[in-house]
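Both complexes below contain chain A, partnered by chain B and then by chain C.
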Partner chain A sequence: MNVEFDGVEIGPIAGKARVKRSGGRELSPGLLCVVINLPTLVFLALVLAYPIVFAGYLSFHKVAVGNLRSGVYPFIGFENFRRIFADPLFLISLENTLIFTFVAVGTEIVLAVAIALLMSYSTIWTSRVLKMLVLLPFAVPPIANGLIWTFIYSFNFGFLNRVLLSLGLISTPINWIGNPNSALYLLALPYVWRSLPFAILLVHAALQDLNPALYEAAALDGATAWGRFRYITLPLLKPVIVVILVLRTSTAMTVFEEVLAITHGGPGDATWTAAWYSYRQSFAPPFDIGIGSASAYVLGVIIAICAIVYVKLIYRKIG
Partner chain B sequence: MRPSFTARLAIHACNSLVIVFFLLPIAAALIGSLQSDKSLEVNTHAVFPQNWTLDNYRVFLHASVEGNRTFAGQAAYLPEAIKMTHYALANSAIIAISVTVLTLVCGSLSALAIARLRMPWLIWLMNLNVFARFIPVIVLVIPLYVTFRHLGLLNSLSGVTIAETGLLLPFSILILVPYFESVPTEIENAARIDGCSRFGAFMRVTLPLSMPILISYGAIIFIAAWNELLIPLVLNNSNGSITLPVLMANLVGNVNVFYGLMMAICILAMAPSVILAIALQKFVVRGLTLGALAG
Partner chain C sequence: MACVRSLNRRTLVGSALTAGALAGLPWSASAAEAPWEVRPAADINKLSMVVWSYGNIYSDISAKFKADWGVPVEATVIPFPDQPNKLMTMYAAGDHVDVSQTSPFSMANFVEQDVIEPLDSLPGEKEYLTDFTPLARQANMFNRKLMALPFLSAVWAWNYNTELLDKINREPFRTYDELLDQARKAKRDNVSEFPILWVAGAGTEQLAGTWYQLTWNRGGAFFDKNGKPELGPGSIARETLRWFGKTFADGLSDPGSLKMQQTTSAATFSAGHNLYRGPSQHFGLSIINDPARSSIAGKVKIWGSPGDGKTIGSTHSVFLTTATRNKEWGWKLLQYLGGKTRDGKYTMAETLARTAMFLPGYTSLLNSHAIAEGWKKWCDPQKLLEIMGKATYVGEVCNSIYHSWHLPWSDQLNIEVQKVLIGESDADQCCDRLVTDLKQVQKS
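Right after this comes the complex of A and B.
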């Protein structure tokens, strides 16, 4: 190849040069693009696009056990949606999901900012220990976390009661998740434990990017520690906090493993959440996939609305 | 700026509280797993047992209670799922490794196309990936159940592998695209002038340069696939194709609760992902923060 080039023009020339190889002609960019995206497109079509459409189809049809066997799903219009919105259990599940999300995400963000600040003191050895441990909950399988907390919360054999009794903080064991008024909040604790690392790491990464000169200037002006946090750190952390808010709201709304392991929705209906409702309607009596799909779709739409509202709010703030 | 003495003391105190909170569930699981349920019943006030034992772990690893003194005469009360522990371990490992490899291969191919070839329809693919992170798994898994039922993919390892790969792909593409974009094109172009094809230049130049990100994201995918419950719970709930999280979910609601055994399984189930996360801590932290900020 006798292409004359100097250093500056390597890029453009190389981009246009037809390189002959012994293996034959090279694919055009357009075709190459389709070919190497083929596996991904197949996966996305099969596991994302098709199920979303099919879930919509299922939620407008009757899909009970008999229908699954015969493969015939009669069209019933909005009947599934009418039934779930007439079902008090579904409405309670939605309400529980919203309360759970509010409590869990709120706690998560407050704790994440606090712990990330603690972690940033690299001259203090306990902060370095904390930094080493922070990834631990991320790696623990959510279902293992759930089972562990059944042991922690257990009335008779539970770890929490043992610790508190040994320390003399309580005199009789407490039935932690037996109380319908507090069960949902106690369910949020294991969830927060498991999802904290992600939020902490994001805040921590953002803290590293802050300019130390700002703090020195503030210190010279006599700002208190709280003042520095309130008027420098917090405003600068706002973008990352919004990212956490958006991402964690969508995951907290689909909480499933902890409900399955710790409460099974109980006591009564105190901890039924939306994902748990869809799962139970589909794969436990009454085994109605149509109802399950319809209720899951409602949850999906609520999450989409939350995400859009957040994004709109962020863009307005930035604009 | 070094904090004052009192400030340091306060920070130490707060740190200790957080460390206790982080370690509490792990400590509970360890202490619970190292004693028999009898010792849990005998004294319901003590944190530590009088006699330590590894019998709970033995039941799990042998998949039976034969010759196990702690469980003498209790074989009939044990949950059925315990007999499937070997299958569960093997299935979980096979699925997690296949999902990791498949996701990395497909994800880096697509990310390469998006980062380098810049076809208009790829922007659309990128937006689809951002949208995909907000779709709850429960919405997808119900129709997948119906579809896989028709296709005969229920209770097969390949079905779960396909489903999990599809769900993790959008995240991996979102992470890999900005990374590939940050690798300078000059080196690839030089390789192309030397006679490499477009694809060959990527394989020989950009891919080796991207090893750190591939390792960090590989670890995250492995952990996500190893920990996944809902997809295999719905698609793979029969004995032969059961995964470890599904086995654990089946322990719930059993009339006879064996806390010691349950905690031992929790410890063993978390061991691979925890060890991986700690061994590759720097990589995983980087991958997680990159992943959240992409898109």
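Right after this comes the complex of A and C.
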């Protein structure tokens, strides 16, 4: 005898489950899957797949503003790609993007693990405060975050200089983001501050799942705190760290808001990033959407390669 | 057939005379009216404009337009740096935009992209041309066609803090050597740690504008009449940049200068830490000498450039777009922003001059007593007019602005010049690189 649950007959063979419709006809499981997933698929196709495919199309065409208005885009083959790879500024932007990503993601992971560990110790009173405070930067819009840090870094009236001068740690103000050697690294700080809570939450959630018995056994064996972290916590956190690596690498590579709000790519070309380059090509005169699309595509390919490398080299190894 | 022939011979002549008389009636009526008083024939339910944010001026002028003509105006008001993006996005999306604004540096691009509708032979064009200041004429004519009306003009001038200058017991500089001597003294005497504040943030009017002005004042230019760059070894532009960079290396220039846009630099100078500001667009003084916004209001004066006082000027313009709903009505709205309102007054230009110190693009208004009186709260009007008299349109100094490739090249210029000022590169490397980049942008 088959059992019925919410209109689904659970028979002796699960694969033969059928959905009863009001007319008495049933949908096959395969069809049911399609019906359930269809709205999501349509939505993703519209907001994700269509722009990606269309940007790919545009990258092979001449797309000035007049072309967009008329809807006529002359085909120019790989010309847009040739132009961006011949542009030293694009290559510098890519290099800056990779450095920025390495610094930002690396810092983010180290801090996320450290802060999540601190939060996990419920015996430390600060952990409760931390749990509340850590979410604050997450609530700040990226562009507002950039503006806040602009004020912090300002040479003439900046909060950072004012504090350091007041404490007597410096005698003259420091031109924090006016120095080409440090600007990119200092740009990573606001970005990390904004995106860190997400990584902390992931690590914190993973820490809740760790078996306390492992730690008790290690303690009995005389393992030190560092030893417990090195040989128990860290290996068990590796899957979530890889997830953070993949997610944060892709977002760090598209960093834009902080560049827009704080440096505009300067001083010189010290903080030109790939996303900033695409934006400037597309949305500043001469509004060359074709070039912007081509450069965005190159960045997309690099992000995809990074994600594949992470998954192949690290995630599967862990598995 | 006979009937048709009869119609041709008699009725046609008769009806032509009647039509001519009918058409002549309103024409003869309107002939007595000035062009800005005549209502366009078509009916229209609204007009729209994409403009830079600035106080309430657009809501005020829209209300006046509606009161005068009964047509509402929809204003999309966007901060200055983002306005071209908004305009182009709306244009590309096929939206109607009747009127918009442009800096002189973006105009060539808009012309090339066919966004700007020429204004030649529209009613009143000749009257406006006759009254244009030289700056306005140079900014708004492209290939001998009137493309836009002047919204505001500015000239590059210096500002100095009288209180700090008194402390070092000096008169305003008359040569660049004097400028540096005074800056060194101010630094040495702990009067000002960084005596010179430049408006040298990335931008066509800030960093690039400062270099253009310094070069022009010393007798140089960036291109010759044929468009050949004048950035080679020994050129005035190159040597000026070398000098400019040295003021930073010697610690005489405020390192914060490289982040300064017009308003931020005026606000920073208002803190009273710097001796000189400039050369930059003159209207920053309306902030610096405003008691509500400045701690040194009333203590800052306008000053011309060394030598013969040559300086540069620019005009920002309003134009009719090719995405207008109706050319006649669009022209009508355009005049409310950059020309005369129905009562025959330059309402907007006068408002901008009196409230924000912007120079009007019309000679008759520039010479009016009311404007000079309005400026007195910020500076000596005669001094400002004297500086304006020595101003040349920036397009003469750097004629690449008449080409659409100017902006991508200017992006590179900003990057390379910043590198010189922060000591990462030198004037020779910068200028060589700019010449190379020039070929690339021209090609692409």
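Quick note on the criterion: the second predicted complex is superposed on the first by the 268 of 319 C-alpha atoms of A that agree within 3 Å, B and C clash if a C-alpha of one lies under 4 Å from a C-alpha of the other, contacts with A are read in each partner's own complex, and residues count from 1 in each chain.
Heads up, the rule we're going with is that contacts are C-beta pairs under 8 Å (C-beta built on N, C-alpha and C of every residue); 3 or more make two chains touch, one makes a residue touch a chain.
Only a predicted model underlies this, so the values are computations on that prediction, with no experimental measurement involved.
J.: Does chain B (first) or chain C (second) touch A:65, or do both, or does neither?
T.: second
J.: Have a look at where A:266 lands relative to chain B and chain C in the superposition and call it first, second, both or neither.
T.: Touch status of A:266: second partner only.
J.: See if chain A has more residues touched by chain B or by chain C, and give me that chain.
T.: The partner that reaches more residues of chain A in the superposed model: B.
J.: Tell me which partner A:156 touches in the superposition: chain B (first), chain C (second), both or neither.
T.: A:156 sits against chain B and chain C alike.
J.: Answer with first, second, both or neither: which of chain B and chain C does A:139 touch in the superposed model?
T.: In the superposition, A:139 touches chain B alone.
J.: With the two complexes superposed on chain A, say which partner A:52 touches: chain B (first), chain C (second), both, or neither.
T.: In the superposition, A:52 contacts chain B only.
J.: After lining up the shared chain so the two structures overlap, which partner does A:80 touch, if you call chain B first and chain C second: first, second, both or neither?
T.: So A:80 meets neither chain B nor chain C here.
J.: Looking at the overlay, does A:285 come into contact with chain B only (first), chain C only (second), both, or neither?
T.: So A:285 only meets chain C here.
J.: For A:93 in the superposed arrangement: first (chain B), second (chain C), both or neither?
T.: neither
J.: If we overlay the two complexes on their shared chain A, which of chain B and chain C does A:299 touch? Say first, second, both or neither.
T.: Once the two structures are laid over each other on A, A:299 reaches chain B alone.
J.: List the residues of chain A that touch chain B in one complex and chain C in the other.
T.: On chain A, the residues that contact chain B in one structure and chain C in the other are 68, 154, 156-157, 264, 283.
J.: Within the complex, which stretch of chain B touches chain A?
T.: 1-3, 7-8, 11-12, 14-16, 18-19, 21-26, 28-29, 31-32, 37, 40-41, 44-47, 105-107, 109-110, 112-113, 117, 119, 122, 125, 128, 132-147, 149-150, 162-163, 165-167, 169-170, 173, 185-186, 189-190, 192-193, 195-199, 223, 226-227, 229-230, 234, 244-245, 248-249, 251-253, 259, 262-263, 265-266, 269-270, 273-274, 276-278, 281, 284-285, 288-289, 292-293
J.: In their complex, what parts of chain C are in touch with chain A?
T.: 84-85, 88-89, 91-94, 106, 109, 112-115, 193, 202, 254-256, 258-259, 268, 271, 273, 323, 404-405, 407-408, 411-412, 414-416, 418-419, 422, 424-425, 440, 444
J.: Touching residues of chain A toward chain B in the complex: what are they?
T.: Interface residues on chain A, with respect to chain B: 1, 3, 5, 10-11, 13-15, 17, 19, 21, 23, 26-27, 29-30, 32-33, 36-37, 39-41, 43-44, 46-48, 50-52, 54-55, 57-58, 63, 68, 71, 114-115, 118, 121, 123-124, 126-127, 129-130, 132-145, 147-152, 154, 156-157, 159, 161-163, 165-166, 173, 190, 193, 197-198, 201-202, 205, 215-216, 219, 225, 243-244, 247, 250, 253-254, 256-257, 260-261, 264, 275, 278-279, 282-283, 289, 292-293, 296-297, 299-300, 303-304, 307.
J.: So in the complex, the part of chain A that touches chain C is made up of which residues?
T.: 64-66, 68-69, 83, 86-87, 89, 154-157, 172, 175, 177-180, 264-269, 272, 280, 283-287
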